[in-house]
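Note that chain A is present in both complexes that follow, paired respectively with chain B and with chain C.
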Partner chain A sequence: MASISSRRLAKELREIQSEGCPVGISLLEANDFAKWLFTIEVMGDSVYQGEVYTLQFRFDSHYPISSPAVQFVVTDGKEAPIHPHVYSNGHICASILGNEWSPVLSVIAVCVTLQSMLASCKKKERPTDNDRYVRNAPENPKKTLFHYDGEHYNFKSTYLQD
Partner chain B sequence: MGSDYDISDDDADYYDDEEMMDGTQDDEEGDDDTESADDMDYGDDFKVSTKAKRKPYEVEYESLSQQAVEKLMQRDVDHICGIFGVEPDTASLLLRHSKWNKEKLIENYMDNANSVLVAAGVTLPEPAETSARTHNITSSSQQQSSASRRPATRGSKLLGLASSSKSGVKSPSPPKALSRTPSRKTDEPFVCTICFNDAPDLQTLALDCEHMFCTDCWTDYVMAKVRDESEHSIRCMAEGCALVAPDQFVRTILLAPAGPDTSEEEQAAKEKTWDRLQELFVRHFVACNTNLKFCPYPSCTNTVSCPSAASKSSLTTVVPIVSCGARGIGAQDSASSMSSSQQFVNGLGLKGKEHKFCFGCPIESDHRPVICSVAKMWMKKCRDDSETANWIKSNTKECSQCQSTIEKNGGCNHMTCKKCKHEFCWVCMGPWSEHGTAWYSCNRYDEKTGVDARDAQSKSRASLERYLHYYNRWANHEQSAKLALDLYAKTEKKMEEMQITSALTWIEVQFMKKAVEEVDKCRMTLKWTYAMAYYLAKGNEKDLFEDNQRDLEKAVEDLSELLESPIEAENIPTLRQQVTNKTVYVQKRNEIVLEDTAVGFLEGRWKWNVSVEGFDAPEEA
Partner chain C sequence: MSLYNYVDPINANLTCCICRAPFTEPTTTLTCAHTFCADCILRALSNAPSCPVDRTPLAPTDLGPVNPIVRSLVDELRVECVYKADGCGYVSQRQVMPLHLRDECDYAEVRCEEKEDGKTCGSSMRRMELRAHQKKVHGLWEQEQEEESLLFEETDSEEAKENHTCPHASIGCPYSGPLEPSEHLPGCPYESLKGFFTTNNAKMSLLTEQNMVLRHKVDTLEHTVHMLRKEMNAAKNALGPWFRSSYQTMSLPAHGGVARSIAGAVGVASSDLPIRMQPAVAGPSTAGFEDSVDVLAPYFPAQDEMRRGRWTPSSMADSVYGRAGGVVAPLDLGTTLEGTLEGLRESVVGLALGVDSVGRRGEIALTNETLRLGEELMSVRAQMHGLRMQVHGMMMDRNASLTMREEAGAGMGPGGAYLRAHTNFGSITKL
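== the complex of A and B ==
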């Protein structure tokens, strides 16, 4: 198992290094196959113009069968973008990170999806239940996805339809 | 017909069933769940059952093994196969998708077969024809379409185009079990897009959507879905693809003969996953069927069928306590996970409790004689802190200055708040300074509000006391039952010793067991009679109920006391006589309570002091 995860991540990393990242996304750190960091920025006209965020990926040995744990970095003076699907602790409410995850998706695919999620946002807002969620949220956002209550679930699927 | 379940795990006997079904089931379509027409058709006549053995407080039910439920599922599958002319795998997917509601499935299918097949993940939706992609599709080669999905095209793949590049419209024919044809005739070697393995001898699999992945990835994926997510519906791994893997496909992945490089361990894990998947199918079927309930005991896979308690309205007249027939918790391999006290009791002969549970509600114990809705109400009352709040309300007031909660536990009405030193009058809550010299009598006493306040307080105090009366007795019986089991464990050990040291035989020292079991059972009844009595409206009926309750309680306490008397070799014969007699008496009293209450429900004799669904509103007191 572990070999599949590292082989796959090695391949993804090679591709990133040879082909480069899509515009607005760049690799910040990938010292091992456990945690990668990217910077992400929305290009063109958007409410996040000129803002650069850091995205953290954590992989377990079952990647890509199991989804990576993805969140915005909110330490060292970094902040999560203000977005209706991003909590202030950096956790992201996006279906492809949860029940819509597919093993054919890649790290870059996730970055691009999140970039377009930010790009399509018209108004900077925190999720309505931000305070309640952040107070009780587990450290690993993947743990939340499995225990989503109905409200969250709807939330996620709303995003899907956007 | 009664022997249907005897056919065990044989997969190949669909056709026998189908014959039978043609004769019997088609006529019974009207019923919502027809799967059980032959075996469980006692829903209507159970009240005039010829089996006189059943007591009024018992319900008729049947325990089904996993195989028996699989048999029922198979019957539905065969029925659908016969009507739609589809393969069993397709019928299974359709039924699971429609939550085993056969009637609705048939209706929808007749209405628009294609949309039902697409929704259930059996066939692909018609491709969204965009001019950009049509030529790609008409060029027909499946190799090409799979090649176009290679990671080289990452940029366009990201937004989920992979799933829509279909190679044409699929007929609603059953899915091919699997296509094992690896696409290695092309110039480019196949690379699994998940693990990036490009070994030339890579084994690959794909569903009808032709999203091809290597067999190892499929295996990991299926195992993760089934084991980690308890998911029985295994969708294609491609992003956005809604096709669901038919059983044969999953079976091939999990149960294919082990290759030379698969370890025995892996093979065993796969087989276990397959078994788990079968259990998930059964659980899903059971959850969709109101006549069935899965045994809630850990690692038990039995199901109980109880059509007479399937409807909500029936639960106002019966307390459907059922048992799946198994005993103990888990198989021998789970013994290590048991707490030491459980092992203690098991080791000493109670052999684990029977898997008794209520068919009508989530309470996992015998809550006879009280019906589900009242038992639930009581449990909620005991759990929540409404009574704590009630106690605070009846016994405390808040300091009018700093709002600290103060309990007055004696003394005069001149209060000094310990926290803020505010001095006030307990009666009128006004500042004490305004009371002038009229110490010890509140001269600002407002007749009306004063009386109201005291009324409210004494009322809530009375209701609290009433609750505590019932709650203490309820909790006491639970506690005593536990103590009785502990006592039994000790006693049995002593008796075992006596077998060795004295001339007594094994059989002569066994009378305790029966008695302890009976005490345990009766204490459970007594426990719940207090919940019932708490909610029963005042009147003759309640008085009679409490008379029966008192008689049982007296008998149980007498027997309990006997059980605690010291055991010596010489007093065993007398003790045995007394205990045996008392046990029989207790048993009888218990039956009277259960029977009378159950008959009362059937006659609609019980009235409540609160509103209970399905009953008349309580009369105003």
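== the complex of A and C ==
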């Protein structure tokens, strides 16, 4: 019998396949219930016009109670968007992926949130502590505890112990 | 979260937004009225103590069961047997499916419970394989084995087109021979009964299904009764001596009254009456409640003492000084809790009135006393004045006589005498 997380993911996948993804988002790969890939593109006027990024989701058996591990793919010549909330290793500092995750959210909801995060960006720049973070960052972005500081994100990052 | 596949399209209002499937044991938050599966919301709360929908703070104690209508709506959704992929085509209401899996499904995993040499076999297999396993390994069903082997032989021979079995073999026709079914059937005793068997079978399966639903309901009801009993006990404990069953409350006033009047009129010894009918005139300890109440009994007057208005402060004083018991509070254990509260409220109102009148009386007394004291003070003052005037007069006379004496004997140190006189004068006029 399928686990709870894969049943829920199967439902989401069925919905994606029957109803399609929102504009600018498309499913690239979903061979199992452990890792999915999406392409994400900002539509309309924006500093990222014409750029396509690849978003990777990794799920553990506690999904949707625990959040998926989401990051931009930075291998095979792919790059992470230059954005004050996105580190050059693809890790994303977004409250929705951390302490504001809710089991009510879905994979598509995360994609749409990140798409609008990119769309609202006015100036392409890396987080101020990018170099320090990338040097010490864990492989799984979920192991990073980002600190959110209201609207102006404060990119102090600490690492959770294993 | 439910592991079933649902046959019909699901109303979106009946799906849990955590697992995206119809609610299993729907549970509602008492704080924000959102509904989830019990399991889903408990797991979500163990991860973060807030409502997944609106993120308001939420604790497991803020959860309550959903309206039973919603529960029935999801429990009655039709689901496929979880062994559909293996070949089971069974479809039923969701609440019945666990029973199908437990008792019926040929594809469900079962455990052989056969005991051999004091050890349970314990090997697990599909239910459909259980019989073959028990036959082969444990040598059960031997008698039927023979019959079955006979049947197999017949099947073999049928293949060889030599022997035919009756189409009613399944319901018991033992015929096996060279006649084609069409030739055998006119004489077959089971042919005339086949209608009966068909309807009987249909009825049987209907009854089996109903039985399963009923069993499920009984299970749920038993659970509910258990819960209610627990709550009832808790309520009983909380109510303490005020708890009595409706039977008692109904019977106590009527029978008690009758018993009392009989006891009074005919003079029946009160000990001859059943304990609950004893007139409660012998004192608080025989008020007629459970033994556990006796501890409190001295604190509460007997109910008919109250009713007859014998319970007055003086009788309270009697009980305080005359009996061994302590203070008697104006409580009546004979009524319901509500009645007692009402009585207490009245007592408090009475007390407040009493305190008020005492205060007013005190005030009047105080005023009177003040007036009286004032008058007295006035008279004392007047008398004082008189006295002073008298003393003054006396001193004047004395001074006059002194001066005269000084003038007469001027040879003595005049300064000293003058001084003395003046000091005296001064000290007297000070009065």
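Definition applied: the second predicted complex is superposed on the first by the 143 of 162 C-alpha atoms of A that agree within 3 Å, B and C clash if a C-alpha of one lies under 4 Å from a C-alpha of the other, contacts with A are read in each partner's own complex, and residues count from 1 in each chain.
What we mean here is this: a residue touches a chain if its C-beta (ideal position, glycine included) is under 8 Å from a C-beta of that chain, and two chains touch if they have at least 3 such contacts.
Everything quoted here is computed from the prediction, not taken from an experiment.
Bringing the complexes onto one copy of chain A puts chain B in a clash with chain C.
In the superposed model, A:112 makes contact with chain B only, not with chain C. Legend: residue contacts after superposition of the two complexes on their common chain; A:52 is shown touching neither chain B nor chain C.
Looking at the shared chain after the overlay, A:22 reaches chain B, while chain C stays out of its contact range.
Within the superposed three-chain model, A:43 lies out of touch with both chain B and chain C [touch as defined at top].
Judged by the touch definition given at the top, the superposed model places A:65 against both chain B and chain C. Residues 1, 4, 7-8, 11, 62, 64-66, 100, 102-104 of chain A lie in contact with chain B in one complex and with chain C in the other. On chain A, the positions that touch chain B within their shared complex are 1, 4, 7-8, 11, 15, 22, 62, 64-66, 96, 100, 102-106, 108-109, 112-113, 116.
For chain C in complex with chain A, the residues that touch the partner chain are 1, 3, 17-21, 40, 43-44, 46-48, 52-53, 55, 82. The residues of chain A lying in touch with chain C in their complex are 1-2, 4, 7-8, 11-12, 62, 64-66, 99-104.
The touching residues of chain B, counted against chain A in their complex, run 151, 154-155, 157-159, 162, 193-197, 211, 213, 216-217, 220-221, 224, 228, 237-241.
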